[in-house]
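Below you will find the structure I want to go over with you.
Chain IDs A, B and C follow the sequence of writing; residue 1 opens each chain.
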């Protein structure tokens, strides 16, 4: 009883849960991008988090170095990573399409190495902060929420909704869904498959760029920042079913809450360990992913 | 309208079609018959751009298909209903039809064409939100044909429309083809079901082991002893 | 062949300078680790998490020695068992439920990250990111009980022995029925199961073997360098480095992983030595240049030389003669 009142019903715990929810929003955005790429092109961008990292550097430089206001800086970051996505596809992915998974994994793994090290070379290992503080606002008596986290959540949620509408209502969205189900006949529909892959890569990159901007509000950037959330995003996608965008979306929140709860009771790293243990258990129970459809 | 001259095509090092010469005039219905593995599907794919030509040329209303990127061939008015239907299984009927209208020049006429297709296939209208993968073979064939019609084509290529379907459904399919023809659409059909298809088309070519062996009107072919023995009555 | 073997054994005794001995020892240890990975990797079971096993081997041994006073003679086997346990824990659900390819790689990737995180999280015991040192035993540091051999010559022979054993294991797998079973599995799991191959069991066996070998390499590394840190033995970087080295060397060949080790170690050393000049040239300290090059090379190798240096070489020059 004491435990409950002291821990569970404490305001701090509620705040933690809320924070988890907000973090979940950004993770959901990231898993959306990864799932899109995998669902459509059938490749896992192992270096996805590193693309985010470069996006974070972009917004940092645009805002802190060149003094651009936040919104234009963010837009540039999104564009830059979108372009990076296309470049990644054309330069690397294209050559390993249809080859064994190991080749694809290693190719993107190599890019991961490369991006981390390029960042180290050019930007050094210091932690760089965007230096933006939006403060917090009061939700109720005793419960405060960080504004930047709330903003991040709203933007992420908005982006997810926008993607959903795009995929279900537009021609291009329909084509993107179609190509993942039957690539070969897309040519009969008047679709240039390569171009569509390029567009998908751009969208995937753009989502990463957007996530980068949101993450910069709360976290500093350094070359290895990808390690703190990259593997988590992978686990989320696997747990939700690789390629399953709805599944990934839900799994993202589950994961975020687990990390928050773990971090509440102990050091932050234990949060990730807790999440991983749950992940392993899910693998035992339902390995295709909690929400996967049998394909 | 459609001219195939000396077309050679295949897959990788393997050539399945040698020097094919075929002609389809506007308003005609032409069939290509022949045994399994003769190269009939290869012919269709070479025309619609799914596979590249190793030799020869395909000309549609005077336009050489090699001069444009393959995914633009559909914009010339050539619509291909692929072998085995090839619908997008996890998309609804209407979404499948929509993808058929993807190319920018077609989009403006989407609602018009949708109405046309639904009028032709009332059952598709009933099932417009149903996932294509959950439909029966016959319904899928209807949907596949409908999807090809969404681009308001000038010529419809049909690859083995009767494959894998029950006889009753096959009958329906060929009735449908007759109806499409009567609307004025030009049709090129590749079929194994020789008896049925010859009743629907004006002319036919016989394709064997990658080469055109024979051609003539339906009556001629129906009358030919060799053809009868080899293909009809099987 | 015998000549080469004799030459290798004689190396420490013919006055090779300590620096080269050190390099060779490092190459041998990593070769063993890479060979351990390739035992699995060659059958399409691509693990991006072998850094975890190496970390378990290294940290396990060190921690048991420092905190529990357990001699590495016991500590190492315990660490190996621990590594095997993890391999089973992750492998069993994966294999039983047919998690392969991308899924499997991602799960193993997560594993290596988690082990890295646990090491950092338990910083009070493990020193976290700063690293950890097994305590020296006895006077001059030489101790069979503690498996500490400050004389490079001694360790060289141990490492050489281990390397040879690694190659023997590789050969043994290559010649075994398991090899054919696993190749069949990698081609078509369902068909293999249909002809009676016990898919899960075979995969688990090879995974455990691979994990144990890599863990042992970790333990060796710990005993040699007498210093471990998450970046040098565990984590994602190591996992990727292992995969890169094997791919670059030749994933389907016996000596491929060794060639890969030579490539990676030499590259790292060349860069480390010339870092002063490079700094001069570039105008800033090029941290991370070695990883940049790894990254580019990995991508290039995968696209143009998927069979690795040795593999491609063997194919070009030896196969035609055989035919």
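By definition in this document, a residue touches a chain if its C-beta (ideal position, glycine included) is under 8 Å from a C-beta of that chain, and two chains touch if they have at least 3 such contacts.
Fair warning: this is a prediction, and the values are worked out from it, not measured in the lab.
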Innermost chain, taking as reference the mean of every protein Cα atom displayed: A
Chain whose mean Cα position lies farthest from chain A: B
Inter-chain pair with the most contacting C-beta pairs: A-C
Cα-centroid distance, chain B relative to chain C, in whole angstrom: 57
Chain centre separation (chain A, chain C; CA means) in Å: 31
Computed distance of Cα centres, chain B from chain A, in Å: 44
Contacting residues of chain B [partner chain A, same complex]: 48-50, 69-75, 79-80, 82, 86, 88-91, 95, 98-103, 106-107, 148, 151
Complex contacts: residues of chain A adjacent to chain B: 171, 174-175, 177-178, 181-182, 184-193
Sites on chain C touched by chain A in the complex: 41, 44, 46, 48, 89-90, 93-94, 96-103, 105-107, 109-111, 113-114, 117-118, 120-121, 235-237, 240, 243-244, 247, 286-299, 301-303, 306
Complex contact set, residues of chain A against chain C: 38, 44, 46, 92, 95-96, 99-107, 109-121, 124-125, 223, 227, 231, 234-235, 237-238, 242, 266-270, 272-273, 276, 279-280, 283-284, 287-288
